[in-house]
Each structure stands twice: as structure tokens, then as C-alpha cells.
Amino acid sequence: MSKSWKILAIGILACVLVLALTPYVWILLTSFKGRLDILSTQPTWFFMPTFANYPAVFIDKEYLPLVFNSLVISLGSTVLSILIGAPAAYVFARTDFAGKEDLFFFFLTTRMAPPIAIAVPLFLFFTTIGLTDTIYAVVIAHTSFNLSLVVWMMRGFFAEIPKEIDEAAMMDGRSKLGAFVRVIVPLAAPGLAATAVLCFIMSWNEFLYAFILVAFEGRPLTVGIPGLITPHGTLWGQVAAVAVVATLPIIVFTFLVQRHLVRGLTFGAVKG
Amino acid sequence: MAVSFKEVTKRFADGTVALDRLDLGFDLGEFIVLLGPSGSGKTTACRLLAGLEQPSSGRIEIEGRDVTNVPPRFRGIGMVFQNYALYSHKTVFENIAYPLRIRKVAAAEIERSVKDMAELLRIAHYLQRKPAQLSGGQAQRVAVARALVWQPAICLMDEPLSNLDALLRLHMRTELNRLHRKLDKTFVFVTHDQEEAMTLATRMAVLKEGRLVQFDEPKTIYRRPANRFVAEFMGRPAMNTIDGVVKGGIFKAGAVACAVDRPDGPVTLGIRPEQIEFMASNAPAAMTLTVDVKEAIEPDTLLIFQNAGGQAITLRTQTNCDAIEPGQPVSVSFPKQALHYFDAATGKRVE
Amino acid sequence: MFGDSSRLRMLITAPALAAFATLGIAGQAGAWTLEEAAAPYKGTTIRTIGEALPPLEAMKKLAPEFEKRTGITVEIEMYEASETASKVMLDLNSKRGRYDFILQQHRNVGKFVTNGHVEPIEQFMTSATLRDPEFKPEEQLYQGLWKEISWYGGKAYGFPFTALTMYAWYRSDLLTDAKEMDGFKAKYGYDLGPAQDWKQYRDIAEWFNRPDQGLYGTALQGKRHEALWYEWLNFLYSFGGDMLEVKSGSECGPVIVNSPQAIAATEYYKSLMAFSPPDTLNYFWDDVMALMQQGKVAELIMWNDATYAVAVDENVSTVVGKMGFDIVPQGEGGKVAQVEGWSYLIPTASKNKEAAYLFIQWMLEYEQQLNQHLNGGASARPDVYASAEVQKLPYAKASMASNEVAKPKPTIPQASEMTDILVRELSSYLAGEKEAKAALDESAKEISALLGACAPMKYPVQ
Amino acid sequence: MTKGTRPSRGQFLLDRGASMPLILPAALLVLVFLVGPFYYMVYTAMTDLSFANPDQKGVFIGFDNFRRLVREDAIFWGSFWRTIRFVLVAVSIEFLLGFALAWLIWRYIERQRLLTTLLLVPMMLAPVAVGLIWRLLLQGDFGMATHYLRAVGLLSQSSAVFSSPGLVMPTIIAIDVWQWTPFVTLIILAGLMSLPRSPFEAATMDGAGPWRQFTDILLPLMRPIIALVLLLRGIDAFKEFDKVFIMTGGGPGTVSELLSIYAYRVNFKTWNLGYGAAVSFMVYLVVLIMCSVFYKAVYWKSADQEARP
């Protein structure tokens, strides 16, 4: 491989990176712009930053609790998805039983139904059992659609751990369940973290179920964003501020577990 | 009997029968080796004893207690796995201490037991390392230490040496022998390596296709193989078995002809390579065979003869064979006291 | 206000109104007070939902006063318009009764009433304990407006929350600029001024359309969005067209959306695209308002409730003091305007209907109405418009004039489906996918099929 | 000597038959909250249920909705084929571009972690936010992207992206490519990194050039992962909704009305739930067929092998 090819490759990748990130950088800049700077025909890259957008939306418009709501919903559904999904994934990774692969495929198909189709029936169902407008409803909804993701990813992570580790733990005095909880789960921790982060992101970014199932006071950030598009003008600065706040934690999380994230998604297709 | 398998059968979901009505019993303090080629059911027997698998039928008892359906952790058995199965996220110390921690042993006691065990297995220097930083031999010792640290009555080892290189294997073999003598525990050791089996076992069980073929002391198994399978399995190289016919006290098969104490009829003759003797060509018991291949494994030499009917006969000797070349005829004899006889149809040993 | 038809309906409903009035007077005997009426509901919480608009924000600021007097807590949920509609539909259809009253566009009333989702208001107005004798909607509200947006099938279901309307906005500074006036007269042969008819409107748009100077003649809300439909209605009505040939919004009748007038209006509407900025097919109200705030548009037709942010608020607008407002230009249909009413409605599933009624009644008092109006609402009380403060607003005149001539819109259950069809077809036409006639013919066909036997096509399509 | 004690019944449960209790909660949750509503949807699709029209109370009408949908609904078919085209074009471009980028990173970049993390940013943004970001960037008057597109002559001064019917779908595809190519890149990269060396060395010894090595060895080895990435992207692209809805609402006209947007309109604008369920079901059906074909053809086998080490 010659040096000049390498430089060319780095050049191309740098361009791609710039293209990939510019929109986000622009939103970041926009969140510090006043309305006139935002609406100026000539794109302004340098300007007098204003910090007014953040307090305007988070304090005056009372969007701060929405960050909290987003956190509660996402954390809740992530914990629940992992608690319920990981054991199932473990069974898929370890036990052979009739129709296993069909059941596995069935779990995957649950991702295929368009949310729009499920949303209204789900709303009516939750209303019947009296859970609409509570945070439980959306946590459960997010959990059920995240399950397929957990089962998919964690099956791979568990299959990677030799079966003998479970058995060693059992010989050392653990029960079957104990071996899973005390030994396998800690061993799969990086994969578990990556899966959890992806669940968190899915839930954090989700709009439709959150909109339909959660009450006004419990609505998360995504549901709050359209509220800034008003007949008297879209408050772009505030939209940008919300977008920035809504994405920063995700970027940080992603950075932390990036390697396992990609590995987890490719399990089953890639060996090792 | 400390441990006994009673009519134990294991049938897997796909229909394969891994163990077929196994009956086996042994005492505490023994070093039992389960020996057999792959697919013989030896590992299954070991896992059934561990409780990692449930038998399809039959009973397993430990000290008279039926443990057939008892989970592993209530059986008082330690186990060493072929791939060590160390907990990669824990230090060596924690790996070894783990069974004690589960049993809620006091911290000071854990410290002492782990130290002792590490001392015994010569891994005291590595206690703070992670498994990834250990060599194969070290990892193996950690696995053994973990299996033994909580003083189980029985310690199972499933082909524990097969992932080690040849030298280390020899070394570990000696270590295990030493350990067994010192700890006075029951060891159950699974291997397909007859040499390991011979050196370690107080008694060994030879399995074939899920059935117990012979269970006895190593020297008995070597000296009096219960059937043709055991005979062909044991020894390096394995025993020569020659199908032939006895007529008037003389066994004949191709170029082979020797005096036997057998009635007339077909029989399989067995003789260990090292027990074939060179003989002057004019001696009465001598037969002449043609050398096909010569293999020098100093200080020994293997001479492989091709007998009529395609059966090879191997001779092992310490005599200097420099002068012998392939294609050359050699005169040998089968001493009568070295001969084994097996039923031509069933392969069973006949006296 | 609605000509003969509304007078006719006045006659029909007069006896009912008289009955209300009588009962109201009867209840007056024991000096009614809000505190007393609200006493049984002290400590309850009533909840409502509406689009995040200035009048709702104003209501949110007023509510604590009511809470202080009655001990009834008012919770207000504010969403984006279509989010509001979805939330309300789900709540009503699940009959869970989260909302004690709702604020909805009048074209949804039919849908709610025919499905039994909202309570007739009569029961509360005839209750001596609830009805404030001072509250006389039959006198204090614009009768036509009230009936159009809060009644259905001869029954009242609520009261107007706000009556939005659209009128023409223009840059008075440009229209009075001497140089422009001279140039305009030289080219078009008449004096430059606020457009009175559609020819003038187009001439002005053409005259001021100077993209190289960052100024456009007009700005159309051409995105595939309800905004397009609302804007188009101004043209349709003014050209003498309509969607259905009916007297009131709650009736079903022949489809006339593909009448020659409608086609002419639609074609004229598209012709203005030439003087609208390049991205006009991506605009809805939000975008054109931003353009106005930056002084990039000479004239357009826009909502009254956006006026404050453009004509008054110097923090966000560069054209404060440079704006003029007038009723939309006249065509074959004469002076018309399209009014968009939001009503207070009480769901049948609500558990606190009485408390909700008390709050609505209180909100309709003069003080609250005035406050709301000054903060961007549009009251249904004529006396509010008479106040000096309201008169001072630059758009007061245009607003009132438009209210006077507002035309009814369909409020039948299928109204939103009709809108959806029209938005799609109009957008298709603007995008050049089909001709105006083809788009409107298709609309007529679909609307007729949607409404069934009561709505034959007056201008049949093959 | 530590002796085993006798297990109690509870302990017994912990040890035996533990797999069913472990999988049951997951299966139950999915059954109750996804499959239940799904069957309700399927049932609804066979009724005339409408939240708007009081005459449509949800009477069972068999397959009438489907018949109408398939036989008479030109808009449905328009959006159906538009969606198919969108999926094919967008996913192909994402795949080719993503593969090329992954290959470049694999060959030339040693320290990948920061790069790959930054590349993940577009796909991690909330779809709602992505739609709004691009609406802002491509706004015809003050959009930053519009400005630069005009400056370099890709867009005429007198036009804007979302107002030019011919440009709308290409733009939406470009944005989808922007958002999802990095995802393809990362997955392909993971695949490339896990490739064994020996087949390539063997091929070199056999005299295969770089191109032959690519087509004869690399591509076949990458087959499962290519299938996986096409499958995941295919499903998501077919369900694409938020971005397009916020950016264009399906317009101008119907040029960007994808199936999911049509389904949304029928369900949430006109509240024609019976018919809407039929539309939704068709979306599901197409995705399911797509998946089954892929899964059976490529993934199933390798998953089976994976499960039995």
C-alpha cells in the first residue's frame, strides 16, 4: 500500500466525516443564535452567541421536566428490556428445544410491524387496563419492541461465552439460575452495556408510542419538539437547543460502548 | 461403593445413545480414569456424575445416596474442564476463591485455603493476575485449584490435559499423580490418551460406544484385555490381533504359524509388539515375515510386516536393527506365554 | 352575518333561546355567585387540551384567578395542532374522560356530536345553580359566529374559544412610497394602494417581485399541509366558489368544488406562485411569517393571530410599524372571509362537567375575553371589539371586517377527510402533477363518494 | 469436607427446567403488547371501523377493505411503488457507499475508534430531530445547505429543493443515505475485521489478483453480513416515516407520499381505522415477506451453526 493512496483514503474519509457531522454542528451553532441570525440568508458561521434559547425553552417553556421524563422512560424501559430480554436470549444461546429457531424468528418479526398499525390498538388496550397516561404504559410499550433487539444481540454475546463457564459455576456451587446471574451476566457485561445503550437510544428517540401513551405532564423530549413549531413561527433556536440536549447524552453513551455496539449488531452474521 | 452408576442410560434429544446401561462403581480415594475413543460416552458419564446432565434412565449414587436428580451443587463434586473455564473477569485468586465465597466461608479462611492450594499447585505468584495473562499450564493449575479448594469428596477432570503441549502434559500428569497421593481424594479423570490413563489410574474404565468394556487396574487391563477392542486400544503401538484358524494346536494365518493351546477352529490371536521375538531362521518356532516399513523411534525400532490378507503385524524391539531394510525377510517367533486369544466372532477374551 | 340562511336559523332557534333566557332570569332570584356555584366542586381538578396558541397561553395565565375564587384547579395541556387533534380523538373514542373540556376546531364538531362524544350545553345553561344570570350568550356573543362554530343540528354544544380569520397583509411603507407609487401608476395605469380586487392583488405582487433585491411579491403556503387548504379557501370563497352547496356547515349537499369559479380561483392562486419565493411549495404558516418578519414580502394573506409577532413585537420582526391590514380582495363572491373557530366543548366522558362549565362560563366574561383578545385571541363578544384598547390594535379593523363576512365551513363528520383530499389534490396541482380541473374533479369525485347519496356532484365528472 | 445438603423444592426449581421460566416473561410481554394489538389490527382491517363517521361502527366486512385497496386505490399503489423504489435506490446507494467506506477504513486507518464513533452520530439522532434539522438546512430562504447548493450551482437561484417536485425524492434518498450509510459502514467494517487471513493467503499463493480475491473470496465470506445489513436497512427503509413526514408531509402533491405516510393519513387524519389497518397490514406483509426470504436464504443456516459451537 503506497503512501499516496493512504493520503487519498484519509482525504475521502475526512470529507465523509465533515458531511456526516456538519448538520449536527449546524444545529449546535443554531442553538446559540438569535432569530435574526438563524433567518439570515447568508449562512452565518461566526456570530455573537446568545444563550437565551436554552433558558427560553427549558425554563420559560418548562421543558426541563421533559428531560427528566425522557430519562425515566428510557431508563425504565432499558432496565426492563434487559431484565426480561437477557434471560430469554440466554435460553436461545444455551438450550436446544423444538421450534427454537422459529421462536427466535418470531421475536425478530415483532420489529417489522409498523408502529402506526399497533399504536391505536395499544392505546385502547392500555386504556382498558387503566394504564394510559402513566409512564408505565410507554415503558411497557418500549420494552416490548426493544425485546427483539435484546434477544438478537444478547444471544450472540452469550453464545460467545463457553458453555463450560456455566458448568464450572454450577460445579463451584451455583444453581443454574445462579450461574447465569452471578457468572454469565458479569462476563457478558460489555455486551450487556452495548445492548442497554442501544435500547436506551431507541426509547429515548421514540416518538409515536410516547406521544400516544403518555400524559402531557409525562411527555418526553421527542414529543415536546413539535410543540415548538407554532403558527407564529418555528422557534428554530429553541428547537436546536432541545435537539442538542436530546442528542448529547446519546453521543457520549455511544462513544463508551461503540465497539461492543457494532459487534453486538453483527452477531450471527460474523464469527468472532 | 462410594460412587455407583446403576443401569445408567443417556439418550440425547437427537436420538443418539451416549451411554447404554452403564454399571460402574468405585471407592473413595481412587483415581478412576474413564478411557475411550471419542464418542465412547466417557465425557457423558463424567457429566452425569457431575449432575450437568440427567440420565434418561438408571440411577447414580454417591455414598449410597441417590443423586440422580440432585443438582450439581449439592453433590459435593469439583470439576476441571478441558478448556479450563476460568472466569475471565476475576483474578486468579478470586477464581480459586469463588467456590468458597459461594459457600460463605469466612474471609480469613478463604485467604488461607486459596494460599494453600496455590502453594500446592505452584501458582502462588500469579494470584493477582487475570486468566488472560496466564499460560496454558498455569491456567490449568488454576482450574484444578478451583475444583479442589473447597475440599469436595470427588474431583472430576474432563480431558484436562488435552489442550497442553506434550512436555507440559507429562509434567502436569506427574503433578496430578502427586496431588492425588497427597490429598487422598477421589479423582475421576476422562481421557482418550491411554498413556495418561495407565500412569494415573488406580483403576480405569474402558468405554466403547456407550458401553463399559472393561473396568480394572491398568496393569490388568494391559495384561489381560477383556476383549479385542481393549487389546487394540491399549499399548503403543497397540496389540497385534491376527485372525486365523487353529488346527492341531497350530495357529495359522498367512505367513504366521505358531503353537497355541487352543482347540481347533477360528480364533483371533493377540500379541504385543514388544513381545515378538527375533529368532534364528532355522529355529523350530520361527516364522519368516517380510519387512514393509521400518520406523526408528530411538532407542526402539518398529518393524511393520505385511501379512497375507492385508493384516499388518508390528514388532517393537530395542535390538539394533540398523542392518534391516524394508523388503528384507526377518525370522520371528510368538512366545506362547505372551499370546492372547479372542473369540473370532464376539472378540471376547478366551483363556 | 351569514345572510338569509343565518337569519332563518335565528328564527328556528329563537324559542329555545327564549327558554334559556327565562330560566336564566328565574335563577336570578337568589343572587348567584361563582363561589357559591362552585362550592360543590371545590378541590376538583379539571383538565383541558388545545393547540399551543396565544389565547391558550393567555388562558393559562388567567386560570389561577379562577382557581383562587373557586378552589377548582385547571390544568392546561398544550400541543402542536395535529398532535392536539390526535390526542383528543383518542381520548374521546376510548371514553376514558381525561379531558373535562376540549378546545377544538369547529370542523370537528360534527364528528364529535354524531359519535356522541360531546355534551349539549343546554343542560348546564338551564341549571339554576350553574348558570350565571349575568351570562347571556344569546346577547353577548356574535350570534352567527356562535351558531356556526359551536352548534350542530340545531343544538348548542359549546362556546367560541377564539375566532381566527385570515386577511390581507401588506407593507404599508412600500405601498405609500412615492417612487413606487409613480412607477406603479405608470405601468398599470391606476394608483397603488391596498388591493381591492384580485387583478390589483396580482399587479402589486408582480410590481414588487424583485428576487435579486430579496423582495417577493407574495408568499403562498404551498406545502402539503392544512395551511394550503386554509389559504386556498380565501380565493375559493372570494371567486364565488365553495366546496358544498349548503347553507350551514352541518349540512350535507351537492359537491361544487369543481365549479368553474373554483377552477378559476385555483388557477389564479397558482398564478401567484410566480411572485412567491422559490421554496413556496415547502411553506406553511410558520415559513411565510418568518419571511414577513424579515421584510421580504410585499403582501400576502395570513392569519390574524400571527399579526402580533409581525406588526408589534420588535424582538422578532424588522417590519414593526410598516404593516397594513385589510379584508381579502373581492371577486365574484363579494366580500368574504374564511373563519376558523375553536370551541369550548365538554366531552360526555368527562367526570367534572359542571366544574368545566363554570370555568368556560367564567372565561366568557368580558374581562377575561378582553385579556385574551389583547394577547392574541379573537373574542366572540362584540363588546370586546368596542373597547378602546382593542380599537388601537393595527389589525382590529380588518379583523372585525373579516368576522362580519366569514363563511361557514363544513362541520360534518367527514370534514377532516374532505380537507385531506383537497390538500392532496391542490398540492398535486401546485406541484404540476395535474391540471386544476383534473385535481378538482378528482376531489369532487372522492368527496362525493365519501359523503354518499346526500352529495351528488353538481358538475359531474365522466 | 464440604458435603452437599438436600435441596429444597425452591432450590430444585432454580436448577431444573430453568429455561422456560426464563423465556416466558419475554414471550408473554411480546404476546400481550405486540401480538395482541397486531391481531386486533388484523381484525380491524376486516371491519369498517371509523372514529370519524358515526355510520361506520366496526361491522365485519370481510376482505372488502383489501379488495378496495388492491383494486381501486390508485393512491395506495402509487405510494406502494414509490416506497419500493425508495427502498431499492436508497439501500443500494447506502450499501455501495457504505461498503466502499468500510473498505477504505479497513485498509488505511489503524485507529478507528473515534472515527467510527463520530460516524455513528447521524443514525443516533432522534428521527424527529433529523427531520427538523434537514428542514432547517434545506429551507429555501435561509437554509444553510440551500445556500451552498446554490453557490456551487447544483441548485438554481430560483428554485428550492422541497419545492421542486423532481428534486424531492432524490433529496429524501440523499438524506437517508446521509443518515444510514455510516451504519452500513460500521457493520461491514466489523465483518471485514473478522475475516480470516488464510483464504486470502491461499488465494495469493494460487495466483489470484486483488480483484479476483475480492470477488472470489471476500464477497462470499462477507455474504451473511451483507445479507444482514441489507435486511436491517430494508426493514427500516420500508417503514420510513418521521423524516419524510416532517420534511415534506408527503408533498408536494404526492411525490414523496410513502406507504407509511399514507397509512398515517388514513389512520390519524381521516380516522378510517378499518381501512387504515388494511394499509398497515400491507406494509407489514411486504416487510415480513422481505425478511423471511432473506432470513431463510442466508441467515438461518449460519445462526444454527453459531448456536452449536
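Per-chain residue numbering starts at 1, and chain names A, B, C and D are given in the order in which the chains are listed.
Here is the rule we use: a contact is a pair of C-beta atoms (placed from the backbone, for glycine too) under 8 Å apart; a residue touches a chain by one contact, two chains touch by 3 or more.
All values reported here derive from a predicted model rather than from experimental measurement.
**Q** In terms of CA centroid distance, which chain is the most far removed from chain B?
**A** Most remote chain from chain B, centroid-wise, comes out as C.
**Q** Any idea which two chains share the most contacting C-beta pairs?
**A** If you count contacting C-beta pairs, the leading pair is A-D.
**Q** Need the CA-centroid distance for the pair chain C / chain D, whole Å please.
**A** Distance between chain centres, rounded to whole Å: 40 Å.
**Q** How many Å are there between the centre of chain A and the centre of chain B, using C-alpha atoms for each centre?
**A** Centre separation, chain A to chain B: 55 Å.
**Q** Just how far, in Å, is the C-alpha centre of chain C from the one of chain B?
**A** 93
**Q** For chain D, give me the residues that contact two or more of the other chains.
**A** Within chain D, the residues that touch at least two other chains are 11, 14-16, 141-142, 268.
**Q** Two or more other chains in contact with one residue: find those residues in chain A.
**A** In chain A, residues 39, 41, 96, 120, 124, 162, 175-176, 178, 226 touch at least two other chains, as defined above.
**Q** Can you list the chain B residues in contact with two or more other chains?
**A** Those would be 71-73, 103, 150.
**Q** Taking the complex as given, what residues does chain A use to touch chain C?
**A** 35-36, 39, 41, 120, 123-124, 127, 132-133, 211-212, 215-216, 223, 226-227, 229-234
**Q** Enumerate the contact residues on chain B facing chain A in the complex.
**A** So the residues of chain B in touch with chain A come to 13, 47, 50-52, 71-73, 77-79, 81-89, 98-99, 102-103, 143, 146-147, 150, 156.
**Q** Can you check the complex and tell me which residues of chain A touch chain D?
**A** So the residues of chain A touching chain D come out as 1, 5-6, 9-10, 12-13, 16-17, 19-21, 23-24, 26-27, 30, 38-43, 84-85, 87-88, 90-97, 100-101, 103-105, 107-122, 124-125, 140-141, 143-145, 147-148, 151, 156, 159, 162-163, 175-178, 180, 201, 204-205, 207, 221-222, 225-226, 236, 239-240, 243, 246-247, 250-251, 254-255, 258-259, 261-263, 265-272.
**Q** Sort out for me which residues of chain D touch chain C in the complex.
**A** Of all residues in chain D, those touching chain C are 51-54, 75, 139-142, 146, 157-165, 248-255, 265, 268-272.
**Q** Quick check on the complex: what are the chain D residues that touch chain A?
**A** Residue positions touching the partner: 11, 14-16, 18-19, 22-23, 25-27, 29-30, 32-38, 40-41, 44, 101, 104-105, 107-109, 113, 115-122, 124-129, 132-134, 136-137, 141-142, 144, 147-148, 178, 182, 186-187, 189-191, 194, 224-225, 227-228, 232, 235, 239, 241-242, 260, 263-264, 267-268, 273, 276-277, 280-281, 283-284, 287-288, 291, 295, 299-300, 302-304, 306-309.
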